[in-house]
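So, here's a batch of structures to check.
Two complexes come next, and they have one chain in common, subunit A, joined by subunit B in the first and subunit C in the second.
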Partner chain A sequence: MKERILIANRGEIALRIMEACKDLGIEYVVVYTKEDQDSLHVKLAEKKYRISDYRDMNDLLAVADEVKCTAIHPGYGFLSENYRFARRVVKRERSLIFIGPSWEAIRDLGNKLFLKKLAKNLGIPVIPGTTEPIYNEIEAELKAEELYENLNSQGINNPSLLIKPVAGGGGMGIAEVKDLEELRPTFRKIRAYAKRLFGDEGIIIEAKIPLLQHVEVQILGSKHGEYVHFGTRNCTIQSLSKQKRIEIAPGFNYESKYTFNFKEVEQNIINYSLKLAKYLNYDNAGTWEWLITPEGKYYLMEVNTRIQVENEISAKISFVKNKQINLIKEQIRIAFGEKLGYSQKDIKFKGTSIELRLVAEDTKRGFHPLSGTITKFRWTPQSWLTVRTHVPQDKPYTIPTQFDPNLALAIICGNNFEEAKKKSLEFLNDVIIEGYTPKGEKLITNIEFLKEKINELYKFIET
Partner chain B sequence: MKLEWHRKLKELLDTAIYIKDIKGEDFLDISFLIKEISKVYEDFYQYDENFIEKFLMQVESRLKFIIEEGEKTLTPYEIVKIARHPQRFTLQDILENVYDSYMELGGEKELNIDPAIICAKAMIVRKVENDLYFHQVMVIGHEKGHGEEFRQGGSAKPWGNEKALRYMKMAETEGTPIHFFIFTPGAYPIEDYPGSAQQIARNLYYMSKLKVPTIAFISEGGSGGAEAIGLADIRLMAEKGYYSVISPEGAAAIEAKLKEGRPPRELVEKCAKALKLTAKDNLEFGTIDKIVPEPPLGARKKDYKFFKRLKLELIRATDEVILQTRSLKFLRKYVLSKQDTEDFKFFVNWNLDEDEIEILIENRYKKYKKMTQWAVCEPKNIFKTFFDFGHNLGLKFKNEIKYRVLKPGHRGFKKFLEELTTESSLLLKPVSDPVKTVYNIIVSKKIRPKLPTPILEEEISPYTSPLALEDKTVTCPEAEKYGCPDIWVPDLYGEFCGVCPNCGYHFPLEYKWYLNNIFDKNSVKIFNNDIASGNPLEFEGYAEKLKEARKRTGLKSALLSFEAKIGGISLVAVMLVGEFRQGTVGVAEGEKFIRAIELAKITRRPFLALVHTTGGIRIHEGTLGLVQMPRCTMAVRDYVDAGGLYIVIYDNNSYAGPVASFLGSAPYQFALKSTRLGFAGPRVIRETTGQDVPPDYHSAENALKRGHIQGIWDRRELRKKLFTALLTMGGKNLYYR
Partner chain C sequence: MKIEYQNLNLILQKFKANPYKIYPVVTPHTGYIREFKIKEGDFVKGPFGKWLEKPGSPLFVLERERNQKIIRAKISGIVQKLRTELLNKFVEAEEIILEIKHPLSQEEIISEILLSALYIIKAPETARYILSPTIASKLEKEGLGKVKVKKGDEILIMAFMKRETPIYFSEEGNFVIYHLYFTPFQLIERDQPLIGFCQEENLPYLQKIIERIKEEWSNS
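Entry: the complex of A and B
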């Protein structure tokens, strides 16, 4: 049977999936909403359907049935980590292939508490804290005291604690407690907030890591029990709302000095990530996010059961039998049941790659997203530069207000860190984005922010 | 002389019209006779005296013949018509003629909180040879007022029943016996503050332990309205009265599945017969204790002989109740049973002392517990009966020892020990404190209090509802209001628990879902499953329906009773299952409820009633079903007074009888969202009150606003909430306290 993929996403990921499909010789169908009708992915696709919302499962599946698709690629964001969608895609009468891990894996890894419990049982280090939701204050205080003493005994003086709703995500409703005396009022406040926002009063208490780096491991598993990794990435530079802005692969600077043995740490987090992936029979691309402290301690934070935005920087430095890898292509191949065809031994890493996210936002005012029209978007093409964008360069483009105002991803390659950094600055000085806001003012982007922050790569930051 | 004749003629005319109303126009040329009488009546002064005298004699004997003939062919539906006729005696007539003096309390005609209910303090006189003895009684009853508009035909509004309850309490404090008179077609079905169901439930709950003798007299006993003041030690019934679970018209409308309009007359007559609502049938069933005979075709306003008889019966009934509580009673009881004139041979003091009150309440409980037990369909087996008896006795004995003898001792000792240590620690504080501080510095560990509550383990057995097996989407009924997206059925009936994730609308789920998703894994143990619903009235066509329901659901009755655990706390639970005849309650259901709640009482466990759906009392079991209302409410009262924790949870639809009694009287009642709950459905409300109700009239939100329930829960959180409820509610008598 002829395979046909429904691309249930927009923007640059849609374009990249289209590209991968073309390379693999698989047909594809795109969907788009009213706001995206000028977008590049719509322009380039032959078969396209307009739907009401990228999150509307009913619409997506109706399109899939109409065009007789055999698989769905969810991209990132939207429904990509919704296990109900994954399950529905697989479990319906006219079953489709979900390009991503099994729905059970999405469900189990998406549940932070479950992940934490599971990791603890497997001996994987997680951020010290409770693994059960807490509902009452007395219990909370006891748990907090215990945690406080525990951290003290580990040599961390005056640790702060974080109080988080179980059901939350994306940094919502997290409060910091510096003194145990504050715990009860804060706990009550967060519990009320959680009840109002998520309908679940469960609260967890975790230690706050004051200085950290954010390193993630790219894992790929197949349906045949094969597991490989594509090294690490460092995504420490983020916006206020914890959205990544600059990513770099590999995750550790091989030329600089750490107070700890970074090679051992890297090997450990990779091994632990693979251990968990194997335990869950994880069968697609996924990212294991870790926190690294200046002391060389590492904690598993969460698992992203989807392709990441920054997957390409790992691809750029990974070579399988001297050929560069394309993770999206691998994802699709695996989903259709193919074997990997190589093992970890065949993967070699070479060079450094940096990804810069160009976003229309006001970095000085709390990363406030902006909308408007882009009139000019230009850069000088270079051999070391790949720019991924859905913004057309030949005509004005209006940024839709419904989605994140991501404009482009610039991927820069270099032989080593210093070279990649230099080239990045060169690109940032060269790129021109002009436009105006609906009020007629000049459109601001985060280029200045990126220029400034590029010097902080590989440094520990305060949270 | 002439004037008297004229009056007499008028009376005869009324009688003739009465007969016509009851027996129909074609009965023995009654219409012709009426025409003749009215002609003479109108042109009275044109006829000469001889003619009139003769005419009167003729008519009188003719009417007497007709009445006798009519009595012979009386059908149940005609009895219903007699009981409803405006010429029938009312409570006012009884107060005038039976009691020797009375004072109406809280009402004079229209100036009354509810003119359909009359409360009066009355005096009844007993003649013993030449002495007169006065007894005080509280009279509470419905007043039909010979068709007076404002009386609503004796339909008591909730606040009318509340007034009745208030005077019951009054009589209780004064220690005077209460005589209830029931003349109601049913309660006025409105939801208010409180609603009908709620108030009836409160009345029943209170009446089950009223500390004074109570006598009820039923002339027109319509369903819940009758029960609201009908739980009495002795129930008398007028010979031409009816006592029924539903009006024949209502039954016919249900049988014909009518949504609008009136049911056909033939069906109504058929239903009246099938419902077995006459005094004779009810006496046979044991739902009443005695019939008060009436003249042919029923007593009317001026049947003084009947009132005399009624007075005698009332005194005798009260005596009987009183004598049941006395230790020395043999002779008097014997004499009483031979009593049939108004001259009493002895005087009975109607005041009770403490011990006698206890016996009175115990007798009442026994009486209602025994009622309708003959109709329970249960596989009988001498060995099993014997075993059950022994088992019950053993259980009782064990628990009595455990909780009444051992636990208080244990508790007392613990309390004493605790107090002793606290006292002594205070005394030793100056000595021990420095030591403690040093100890703490060295060991540097704080002493932590123990966690007070056990923790509920979340994950329980994954049970998938069969509804979730289809691959399709459904639209939420409130999608227009809240813009909910369509929901995929496997999601909806899977982990959404049948709840729309956007607006929280609750879709109905099958009863098995609750059994599998609320209680701890493998903890549900169903008992008394052999008790089956039967067809005691031999209602036509009902046996087939019952068989069909049994086959479809695999259940034997609409009520499941089981033991289960939530978070390790053992409880006894019952569940009214909507799939079996709409969760209606009949003899089997009532009996199972009572046995379950008694088990909970003996073993001191919490008792949970889950209402999947209930459509009310099962009409096919007539009054046998109806008396489950007082029966079960008494068991509830007994359980709650013994220190039990009774929680009711409503889901889907809950209406009528059960809500107005053993469910509505629970101290803790919770409804799931999207539940509809009330006394009567919109159709019945429209027919009785002539008003249309708004669509959200019976919603759980409105029930909460009216104060009927204590809270609205989400089905997704049901297990958690129940667990919290078990921990926080209930007194110290529960086994885990």
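Entry: the complex of A and C
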């Protein structure tokens, strides 16, 4: 049967999936909502269907049936980590291929407590703390005392604890406790908050890591039990609401001195990530996110069971038998049951790659997102530069307000860190984004913020 | 006051010449149109009852993923431009299937005319809006035309790009909330009116205008 992919996403990721499909000679269909009708992915696609919402499973499946698609690529965001969607795609009467890992893997890894328990059982380091939700404050105090003593005995003096809702996400409702005396009132406050916002009163208590770096491992598994990694990425530079803004691959600075053996740490987090992937028969692209402390301790934080925004910086420095890799193409090939055709020893890493996320936001006012119209978006093409954007360059483009105001990704390559950094600044000084807000004011972007933050790459940040 | 009493005649004449508003009916989502429940020229009813709890007239049946859904009229009026050629065809979301030519009621005319008479807060962005909790509870207690606001009061909350942004009242003077143009939690297009305010000292004059419209309209 002829394969045909429904691209269930928008923006630059839709464009990258389209490109991958073209390269592989596979037909594709795109969907879009009314607000996105001027977007580039709609303009460039031959077959397109208007739907009510990118999150509407019924609409996606109705279009998939109508145009006889055989597979769905969810991209990132929207339904990409929704295991119920993945399950429905493969289990329905007219089943389709879900381009991603199995729905069971999405379900298990998407549950933070389950992941923590599983990791602990496999001997994988996780942030010290509770692995069961706590519902009453006497128990909470006991657990907190236990954790406090435990951290003290590890030589961490006066550790801070974090009180988090089990059901939360994106940093919502997290409170810090510096003194055990504060624990009960804080617990009550967060429990009430959790009930109000998430309908679940469960609370977890964790050690606060005061200084850290955010390093992630890119894993790829196939349906034939093959597993490889594409090294690490450092995603420490984020916005206030913990959204990544600058990423760099590799995840450690090979030219700098660490107080610990960073090569050993990198190898360990890769090995632990692979261990968990193998345990769950993980069979697509996935990202294992780790926290690294200045002492060289590392903790598994979460697993993203989808393609990442920043996947391309890994691809840019990874060469399989001397050919650059494309992770989206690999995702599609694997989902259709193909073998990898190479093993870890065939993968060589060369150079450094940085991704800059250009966003219409006011970084001086709490990263307030801005809508508006882009009238000019120009940059000088370079051999070391790839710009991923859904913003058309030939006509004004109005940023839809329902989605994140991401404008473009700039992917920069260099032979080493210093070169990649220099070229990143060259790009940031060259790129022009002009536009106006609905009120007629000048549109602000985060370019100045990126210029400033580029000097903080590979540094530990306070949390 | 933005409306001169003399101009009112002109405005009223305009409405009298064409006392209709056209509402397109679009598909809420994709699917197959399985049946038309109406034909061109039929009069359909919007939701009615004390809390609009009784649904509007059925217009057509849309089938998706083996579920059939009856699409109903959201407003009363006459069916026109019915696209019967779409029967048993797959349609996209937001496809216009027909139009309802809605005769404006006295109340709706007043609401339209008040638009130019009141101080209006318009939607700064295409987003979802709710009244701020304080305003909402005051309105519930005191009703429209009674709740006073002053500069700096939080009036609305805009849910936009995954964030909630408060909207404050920015005019000097003594205003009261006079008219609500929006439904909470519904997506409102940018620049659509949300709330109309009237200066306290103008209240009697505004009442006079409304009386006048009522008088004129019942005569026609």
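We adopt the following convention: the second predicted complex is superposed on the first by the 463 of 463 C-alpha atoms of A that agree within 3 Å, B and C clash if a C-alpha of one lies under 4 Å from a C-alpha of the other, contacts with A are read in each partner's own complex, and residues count from 1 in each chain.
Assume a residue touches a chain if its C-beta (ideal position, glycine included) is under 8 Å from a C-beta of that chain, and two chains touch if they have at least 3 such contacts.
Bear in mind that the values here come from a model prediction, so they are computed numbers and not experimental data.
**Q** Does the subunit A-based superposition show subunit B and subunit C clashing or fitting?
**A** After superposition on subunit A, subunit B vs subunit C: fit, no clash.
**Q** Touching A:Ile51, do we find subunit B (first), subunit C (second), both, or neither?
**A** Only subunit C; A:Ile51 stays clear of subunit B.
**Q** Just subunit B (first), just subunit C (second), both, or neither: which does A:Pro369 touch?
**A** After superposing on A, A:Pro369 lies in contact with subunit C but is clear of subunit B.
**Q** Rounded to the nearest 10 degrees, how wide is the angle at the Cα centre of subunit A between the Cα centres of subunit B and subunit C?
**A** 60
**Q** Have a look at where A:Asp179 lands relative to subunit B and subunit C in the superposition and call it first, second, both or neither.
**A** Touch status of A:Asp179: no partner.
**Q** Would you sort A:Ile138 into first (subunit B), second (subunit C), both or neither based on which partner it touches?
**A** first
**Q** Counting touched residues of subunit A, say whether subunit B or subunit C comes out ahead.
**A** If we count touched residues of subunit A for both partners, the winner is C.
**Q** Touching A:Glu255 in the superposition: subunit B (first), subunit C (second), both, neither?
**A** Neither partner.
**Q** Could you look at A:Thr33 and tell me whether it touches subunit B, subunit C, both or neither (first, second, both, neither)?
**A** second
**Q** Mind working out whether A:Lys91 is in touch with subunit B, subunit C, both or neither, as first, second, both or neither?
**A** Touch partner of A:Lys91: subunit B, not subunit C.
**Q** Just subunit B (first), just subunit C (second), both, or neither: which does A:Glu434 touch?
**A** So A:Glu434 meets neither subunit B nor subunit C here.
**Q** Note down the smallest distance between any C-alpha of subunit B and any C-alpha of subunit C in the overlay, whole angstrom.
**A** 6
**Q** Which subunit A residues lie in the overlap of the subunit B contact set and the subunit C contact set?
**A** 56, 58.
**Q** Which residues of subunit C touch subunit A in the complex?
**A** It is residues 28-31, 64-65, 67, 90, 92-95, 124-127, 160-163, 190 of subunit C that touch subunit A.
**Q** With touch defined as at the start, can you tell me which subunit A residues reach subunit B in the complex?
**A** Those in contact with subunit B are residues 56-58, 84, 87-88, 91-93, 132, 136, 138-139, 142, 145, 199.
**Q** Under the definition above, what is the set of subunit A residues touching subunit C in their complex?
**A** Going by the criterion above, the answer is residues 33-35, 49-52, 56, 58-59, 61-63, 66, 368-369, 371, 401-405, 438-439.
**Q** Going by the contact rule set out above, which residues of subunit B touch subunit A in the complex?
**A** 446, 448-449, 451-453, 455, 471, 473, 485-486, 488, 490-491, 714
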